[in-house]
Amino acid sequence: MIGDVVGWLTDPAHWSGVDGIPTHLFEHVWYSLLAVVVAAAIALPLGLLIGHTGRGTFVVAGLANGLRALPTLGLLILFVILLSPHITGTLVYLLPSEIVLVLLAVPPILTSTYAGVQNVPPAVRDAAEGMGMTGFRVLTRVELPCALPLLLSGVRAATLQCIATATVAAYVSLGGFGRYVVDGLAQRDFPQMAAGAVLVAGLALVADALLVLLERLTVSPGVSGRFGEPAGAGGSGRVRGMSRMVQRFLPLRTNLSRQETS
Amino acid sequence: MKQYRALGGLAALALLTLTACGGGSSNPLSTASSAVPASASGSGSAPAGGAGSVTVGSANFPENVLLAEIYAGALKAKGVQVTKKLSIGSRETYIPGLQDGSIDVIPEYSGVLLQYFDKAATAVSSDDVYAALPKALPATLQVLEQSKAEDKDAIVVSKATADKYKLTSIADLAPVAKDLVLGGPPEFKTRPDGVPGLASKYSVTFKEFKALDVGGPLTVNALKNGQVQAADLFSTDSSIVTNGFVVLADPKSLYTAQNVLPLINKAKLTPAITEALNGVSAKLDTPTLTTLLAKVAVDKKEPADVAAEWLKTNGLG
Amino acid sequence: MSATLDYLVRHRGEILGWFGWHAWLSAVPVAIGLALALPLGWWARRSRYARTPLIAAAGVLYTIPSLALFVLLPVVLGTRILDPVNVIAALTVYTVALLVRVVADGLAAVPDDVEQSATAMGYGSLQRLLAVELPIAVPVIVAGLRVAAVSNVSLVSVSALLGVPQLGQLFTNGFQLFRTEPIVLGILGCLLLAAIFDGLIVLAGRLLTPWRSAARVT
């Protein structure tokens, strides 16, 4: 079976044309990226605001688990039916798919942004205010950079969710790697199905690696503690710190992280 | 005291696991039944035997559910005790169900049924397919009389396309198909009577094939909006008439006959059952089935109601 | 609204059956997944060498699209493709992938001094795990269980594309008929089921950690 899948993936016929891997790769990336960007545009400001002011925390709690319970397939079909009389063309399938993906992506980004801002040590906040910074400056100059690790881990979780779930768009005739999964099922062509799954997982790994790189580049060394710690002292401190973090941002436990940072 | 609380917690977790423990069997047909009490329709609580008792199943698409409701209604009218298990799934799921007794009778289509049990079958016409079935079916199953109603694949184009290229049969597509996009279910791309069959029998090769759904809203909309110029729909689909689509003739019989007929477990046959189902098959034809299906698909009426109405009008219910 | 209620009443037998199936298909993987994730998470915490590959594998498994896993597991397991057991197996894989990290982090959240005092009191390694570490890790694990259970409810509905009987059938039926009533009922059913599971798990967590409610009172 594995041999069949490898054979399917290395077949040059599958690398060109309308049904080729590059075409579907582009579509899949497009669907996921658009959703994550829109979700971030909604969730980042909202999370920062709620974390900074401390008001409206019920939004975070309610949204996190509530939205996760929504069945993606059902929502997708519902929106397609509701929009069909009003829109023609591919948009009638693209818009519902994006809505569903955004609904999936918002909770992780929102909860982690909120947790990130909340976790800024009070001493740091006080120092900023002591230096004469107003609320908005405290938020952008101090809280946001400190919250960046958690925030980015939320974006990673959201990206992962979107890439994995974008496969369902193929059910409503869109493209992406889900096409191989759906078509493979209908044609009883299991190597094709497995290849689709492998491609999705591969894309997710690549996206995650890119986001880790982004994290490395944007998070200040002072926040991540990346000076290179001595052998013994770093250990238990990190563990103790993790207990508070873990309780805060558990909904994110879908990360592909191999590091023990933040 | 603490122990009781801990036990309580574990009990809650256990309760979680045991939720709906009635769904414990791995056969989806053995527990999840939508048993509508036969007594509700007035056929009394007569013990099994006499007129017999059956479980009517259906595949999970609207036309098959409608046909199953028609069969169920006709059977009840003859005093048979009926249990319904609708929307089971595809053939791979319900054929084993027929063989192990989870369901007893299901509406089927002669051509695909023959293909399922005999991949090498070559029969194409209604009579040939029907004649070939008894030998192909397993020993425990049997088909009753077939109806004239057929639901087969139809290659369909919009009126505009038909007028533009003067299309009346699939053969007319040969010179122009390379500029056209074909839409259909994903399996059409590799099915022997799908894209490969069109190429080999009619020398028709389209520019592109777009995977949509099985004769459903995606395909109809794509054809209507011009995303595809030709589509694979089903002959009983009322949207063909509503949208003015043109069904292309199939002179070389690429698509085998697909007469509607009951597939039944031999052990369950009684004279009442045979009479009821043959009565339905005698009165059912393609235009009728198309009209009834439209009532379900377009007017959004319940299949059971549409079935009951038709049976009454035809003296079968 | 009344059309939706109508649909519910007309099809109540089917829908109730599907609800039951859905509950079972979502709940069993949570139980099995937890049972598997506890030792795996403990191992990931204990052994630095095991931790990285375990967590990495868990992450990769979680990205495999559910539909693909439902169909490909039978090839690996040798079961019939349309057997609901495949759904349970696939969801168990996802649940384990999710919970291994949660269990590892939960056990890691036990303060060092508590562990040391337990050892000083004479608890052996296994005893310490069962009597001290796990109870303290319960809130973390409960939070993870809630996520897993709720995610499972949503994932089970995808198997409707394979004809597996559960609430997702309402979605495929609704799409074929192009009606919103069955779909709305399906979504509501999933939400209800998720809420029930969430409530039961929270209740279990509260019962297993009586000391937390005591702290809240005082």
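Order as written gives the chain letters A, B and C; numbering starts at 1 within each chain.
The criterion applied here is as follows: a contact is a pair of C-beta atoms (placed from the backbone, for glycine too) under 8 Å apart; a residue touches a chain by one contact, two chains touch by 3 or more.
This one's a predicted model, so the numbers in the text were calculated from it and none came from an experiment.
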Problem - Chain-level touch network, classified as line, ring, star, complete or other - result: complete
Handout entry: Identity of the most central chain, Cα criterion
Key = C
Exercise for the section: Could you pull out the chain whose C-alpha mean position is farthest off from that of subunit C? Expected result: B
Handout entry: Maximum inter-chain contact count - chain pair
Key = A-C
Practice task
Go ahead and note the Å separation of the Cα centroids belonging to subunit B and subunit C.
Solution key: 35
Fill in the blank from the handout: CA centroids of subunit A and subunit B: separation to the nearest Å works out as 41
Handout entry: Computed distance of Cα centres, subunit C from subunit A, in Å
Key = 20
Problem - Junction residues of subunit B - those touching two or more other chains - result: 217
Problem - Multi-partner residues of subunit C (at least 2 other chains) - result: 162, 175, 178-179
Exercise for the section: Two or more other chains in contact with one residue: find those residues in subunit A. Expected result: 84, 182, 185
Completion exercise
Residue positions on subunit C within touch of subunit A in the complex are 52, 55-56, 59-60, 62-65, 67-69, 71-72, 75-76, 98, 101-102, 105-106, 108-112, 139-140, 143-144, 146-147, 150-151, 153-154, 157-158, 160-162, 167-168, 170-171, 174-175, 178-180, 183-184, 186-187, 190-191, 194-195, 198
Problem - Of subunit B, residues touching subunit C in the complex - result: 2, 5-6, 8-10, 12-13, 15-24, 26, 28, 31-36, 60-62, 86-90, 92-93, 216-217, 296-297, 300, 302, 304
Fill in the blank from the handout: The answer for subunit A against subunit B in the complex is residues 18, 84, 88-90, 92, 172-173, 179, 182-183, 185-189
Practice task
Mind listing the subunit B positions that touch subunit A in their complex?
Solution key: 185-187, 189-191, 208, 210-213, 217-218, 221-222, 225, 227
Completion exercise
Note: in the complex, subunit C contacts subunit B through residues 10-11, 13-14, 17-21, 23-25, 27-28, 30-31, 80-85, 149, 162-165, 169, 172-173, 175-179, 196-197, 200-201, 203-208, 210
